[in-house]
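Notes for the one structure printed next.
Labels A, B, C and D are assigned to the chains in the order they are written; within every chain, residues are numbered from 1.
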Amino acid sequence: MKPKYLPLTATIVIFVLSYALCAAQYPNILSTRVIGNLLTDNAFLGIAAVGMTFVILSGGIDLSIGSVIAFTGVFLAVVLDNTAIHPLAAFALVLLITTLFGAVMGAIIHYLEMPAFIVTLAGMFLARGMAFVLSIDSIAIKHPFYGTMKALYYKLPGGGRITLIGGLMLLVFAIGILIAHRTRFGTDVYALGGGTATAKLMGVPVGRTTILIYALSGLLAGLSGIVFSLYTSAGYSLAAVGVELDAITAVVIGGTLLTGGSGFVAGTFIGILIQGLIQTYITFDGSLSSWWTKILIGLLLFVFILMQKGIVYVSRREQRHA
Amino acid sequence: MTAILKSYALRLLPQIIALAAILLMVSFVFPGFFRLEIQNGRLYGSLIDILNRGAPVVLLAIGMTVVIATKGIDLSVGAVMAICGAVAASSITSGHSLAMTLVITLGTGILCGLWNGVLVAILDIQPIIATLVLMVAGRGIAQLVTEGAILTFNDPGLIFLGSGSFAWLPLPVIIWLVFGILVALIVRKTALGMLIEAIGINRQASTLSGVLTPVLLIAAYMLSGLCAAIAGIIAAADIKGADANNAGLWLELDAILAVVIGGTSLLGGRFSIAASVLGAIIIQSINTGILLSGFPPEFNLIIKAAIIVFILVLQSPPVRNAFTFVALLRASRKPTERQAR
Amino acid sequence: MQTIGDSLLSATRIDKVFPGAKALDKVDFHLRRGEVHALLGENGAGKSTLVKCLTGAYRRDGGTILLEGVEVDPRDTFNAQKLGIGTVYQEVNLLPNLTVAENLFLGRQPRRLGLVDVGAMNRQARALLENYELDLDVTRALDSYSVAIQQVVAIARAVDLSGKVLILDEPTASLDAHEVEMLFRIIRRLKARGLGIVFITHFLEQVYEISDRITVLRNGQLVGTRDTATLERRDLISMMIGRELAAEIRAAREEPDVTGPVRYRFKDYGRKGHISPFDLDVKAGEVVGIAGLLGSGRTETAEILFGAHRADSGTAEVDGKPVQLSSPRRAIAHRFGFCPEDRKTAGIVGDLSVRENIVLALQARRGWTRPISRTEQNRLADHYIRALDIRTADREKPIRLLSGGNQQKAILARWLATEPEFLILDEPTRGIDVGAHAEIVRLIEGLREKGMSLLVISSEIEELVAYSTRIVVLRDRQHVAALEGNRITADQIIEAIASANERGAA
Amino acid sequence: TFGSASAADLVVGFSQIGSESGWRAAETTLTKQQAQERGIDLKFADAQQKQENQIKALRSFIAQGVNAILLAPVVATGWDEVLQEAKDAEIPVILLDRTVDASDDLYMTAVTSDLVHEGNVAGKWLADTVAGKPCNIVELQGTTGSSPAIDRKKGFEQALSGHDNLKIVRSQTGDFTRTKGKEVMESFLKAEDGGKNICALYAHNDDMAVGAIQAIKEAGLKPGTDILVVSIDAVPDIFQAMAAGEANATVELTPNMAGPAFDALAAFQKDGTKPPKWIQTESKLYTQADDPTKIYEAKKGLGY
């Protein structure tokens, strides 16, 4: 096997093993209901994490996505509450706004040579601040169209459902994989992660690519915000706090290097599933206090990273001796 | 000597200008801003509040600067603050002496740093992820100690650390001043600073040159843990109780921001403790300024974001280069003018 | 063949100013169709800077560029590529994390239905590399291949991109004789097709072998352009350094006698998967030269001797006492020093100043609690800047802003400052100009005469012959032969490298 | 008989918001205690302040097939879908502590206090206490956007309307924490002439009040006399302050919401009695006259 597939394989192996372990203890975890829930409940996180994967592959980071999700939700709620605009038009409008927002951050990062961490941190403050200014109340979205969309799902045998948003996440992952591995833009993203200076000398349009990457992340954060608003039928300025950290964790568990240049969009999908599995397991167990929940999540994160390191290390060594 | 001082002043100039501009701005929206008086044997006024309230972020920023200089980052400092506050409170309420409590608490902070350092330097885990583990689990550990409640205490010695005063200054200010100067001296008067910068810029080359990279890396995280411990003690002492849920919440972001405003690159390398301290004070000035201004709280984040973006844009390489270029032009023009005469 | 004389690329009065250095001062450069034009000059003369100004990697501060008589202004390297200018830059080569095929076709991948056709790309990549006698798995990441292979891939990419002009900035630095030969064949073919080729190197033999004309830069200024055929070697050197070079590398070797005791003894020393166990003794006042083909395990040998990689078999002794060389630090404590081959990733600490880079190893050995005073640092830095003729505006300049060759000299200074007793040099003269080259060879001899032990790796066999008291030959990660005394000749070495069955001589 | 037997193997899922405050910890403790007393198997899930985690937890509970669900919702909106799923699975849901913006046939009952009412009680007390004298009030709000912050502000302002002598001069968020309460109060004091302009402090929770009291003391004023202090929650520490004369009044928000919830559930299990849609807990006002020391001792052990 090629060394570059090692982290991804390690992640998949770990996921399958832990799923089997969980299922041995709570057979219900194998039900289609839980599997359907895993997709639906993590849809917004998964979509945002696809954007985050591109950002991290290019060697950057985007801390603004949680706030952008909240902003999108509040914006939709306010617009649908106060105007007669059709939700689809509102979706288009908000996606335009968040894409532009991402593009502007990308432009600042490139042209002003500022670190992504800081630019997107300011973006995080700004987007949440905008959400507050729009409304501090949580606003329910009662538009009938939302009901229609929520009624769209594919029923699995056993009571589970693949919902519209769950399906949307799968689609976004599929497109993400295609963009990463089958377009020139995708290769350019990896190229930036390999070294901006070298990429520039090799003729990669660094500025354009950087702007596009953050615009894509903004677009997907906006899409994730739409999904979140469908998921909760509401807009709330305090929603999705810390989602960026969850997304980063999913990306890293999925085998992508935070330093950029190496990793897979598909890995992020497994990362999302692993995180969802941890949460499901903790709820099924139901005996942990608040603090033990946090400690356990931290520990599991640590164990996953360690196992991944271990598997990669061992197979590297075997490869050398082979 | 004067040349070194001059270059030092030049390094801090952007931060000093930004701070001055913000203070001036605040004094427009709140005229009594610069007033200082002596009350209860200590200085009293908004400026002192800034120095006092800024203490936790200043302390975190000191440790964070060194960690960032090694090309790392420490996301766990907020959680470590909570752990250490909880440990201090539970130690003092369970009857340990103040000295013992301090030893235990600082030890806890250093231990947390050791954990982070080992993950980064020995297990070679990326710093963001390595410290994310403790960031997530740490608050749980702190709550484990306090069982989710605010653990209050009445020990006058410990409380003095948070709200006492000495030489007209609140004790937290004295603590960060002394600690900051100490760290800066240790780092700059020994070769530590240069070695840390070398690691941050090129770890492989440093190791090949015989620099003890793992030890120095671990030490950097331990220093950060120690800083978080001191900050945690101050935060707990300030409210006479350990609030495991909220102590240090999101302060890691403020600390990182302070370091960046101080002009240290997140990519590691060249660092300045004094500049980071100034960065932290700038952030606190913004916070205090917002509180004094009387705007509705919905606007807090937007105002903060706007000011920070502005400062950072001024500091960004292209803008700075443009300024230096103008300055250079002027400088180069002067001698020729003189020659012409 | 086309008529020489057509002006293809002509740059006039190019200016480039860096803070603290005027890198180019009204330089003219004219490239004709169908010629190989060597661009020469000392380290820091401005060769790389000129190339980067031509390809838009740097914004030039003044001057005009004409391509086929039309004024062009490449804004970035992508733009230059589209104009038909392909370039191999010094140092910065390709992206290590991308596959070989992706590196070759970055920005111009074959597409089908808007998507990259990976199969076609890999096929084309394999076909492209066949010209270079390379049979690689093009779907592997580039960094799984050696520096030399990466260099060939970089050349292949540039050649493929160059519709009109090919620029090669020290492409041969890490290539062996065979690969250089292959490169020259390709250059001749391109030349016949009417391309203009700019060739930068410090190997004068190569200049005379391949180039038609020579342009020399000195201190950012144009010294002149001559036809290679009519330019005497001596004159060329004095054009480059602005004076007569006293003596080039000695052609004939004197016989140094090494009678000192064995100071360093390695027995069965090796590391699985890296280098087979070998025995090596080094005496005081001895220069052990290491010869071998690319990837033969020379660098690996140096690295385990220095503790950069831990040996997993064998023992090491210093002055008869067993020692553990498990880390560079341990080795340095025994007064070892090591100039690595890859100066960019393993040598320079880019953002630190020249001064700090020079004192780094010494400071690390003394420990952080005993800082070297600023006066002492300045003294050391100034001393070595002068002694090794490091071209820098001042000692506080960040080292990454120095030209490639000058960085190399600063790393050498770092180790000399520690006053080592056993100095390991991996390709110390790579990318160093003639003048400095001779200096370094003299320096090695001087150190040996003072009683230092040295182990020097070099791809230049003449150079090894000149200063080595003994030569160890490597093949396939094994020490296969040792040559001493009058057996040290270029022919003998080449024969030892080439013969497949001479074993057990070491 | 049937009732006690079914209680023994009753599995109830409890989705708690998190552990962001002492009050919340006490609610968790009391819920677990109450479940234990009744022999209920309680599945506890901490959502760490995130609605999405609560929805996930609810779905997991449904997938596990629990007998009933307790939900302390982090926000009022966005529950329709998952509550519908619970209803489809015939699992009764009882809301604790806050209600939701959903049709009331989606849940069995809500055991909550009235947040607006709490603010109102506090405001009334203040209006009665100052009795017509002019009074400048500073307000420490809860976390911007959280429903207690919005409703407690609303209720307080309602109580104030019609009293022209009462004026809120400054209002900032203290994030429900002591540290921020103290910091914000410090700035209020500076901004209002060293506190001479301030006659009363209204804090959306006791923790912020405790922090603010320290700030007032450090500014050389006497909390409780120079500046009246009224807040909400009735956590133990505020009773200590009241005993010391440093706080004046607090409105109780009882952490025992689970008791009434379990009672309603038991009745429903026994003979299908439907409880009322809203079981309101008492918002009791405590002042210095209520023997704060004794209440402090009583509340201390409850896990606040």
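Here is the rule we use: a residue touches a chain if its C-beta (ideal position, glycine included) is under 8 Å from a C-beta of that chain, and two chains touch if they have at least 3 such contacts.
Since this is a predicted model, take the numbers as computed values, not measurements.
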| item | value |
| --- | --- |
| Touching subunit B and also subunit D, the following chains | A |
| Chain whose mean Cα position lies farthest from subunit C | D |
| Averaged-CA centre spacing for the pair subunit D and subunit A, given as whole angstrom | 34 |
| Mean-CA-position distance for subunit C and subunit B (Å) | 43 |
| Residues of subunit D whose C-beta touches two or more other chains | 19, 25, 28, 144 |
| In subunit A, residues with contacts to at least two other chains | 132, 136, 289-291, 293-294 |
| Touching two or more other chains - residue numbers and ranges from subunit C | none |
| Interchain pairs in contact, sorted by label | A-B, A-C, A-D, B-C, B-D |
| Footprint of subunit A on subunit C - complex, ascending | 57, 76-78, 80-81, 87, 89, 92-98, 102-103, 106-107, 109, 111, 114-116, 118, 139-141, 144, 272-273 |
| Subunit C contact footprint on subunit A (complex, rising order) | 2-4, 178, 181-184, 186-188, 190-191, 193-195, 197-205, 261-262, 320-321 |
| Interfacial residue positions of subunit A with respect to subunit D in the complex | 26, 28, 31, 33-34, 37, 40-41, 44-45, 132, 136-140, 150, 228, 231-242, 276, 279-280, 282-291, 293-294 |
| List of subunit D residues in touch with subunit A within their complex | 13, 16, 18-19, 25, 28, 42-46, 48-53, 55-57, 59-65, 75-81, 101, 143-147, 150 |
| Contact footprint of subunit D on subunit B as seen in their complex | 30, 32, 39-40, 44-46, 49, 53, 143, 147-150, 152, 163, 235, 238-241, 243, 245-247, 249, 288, 291-292, 294, 296-298, 300 |
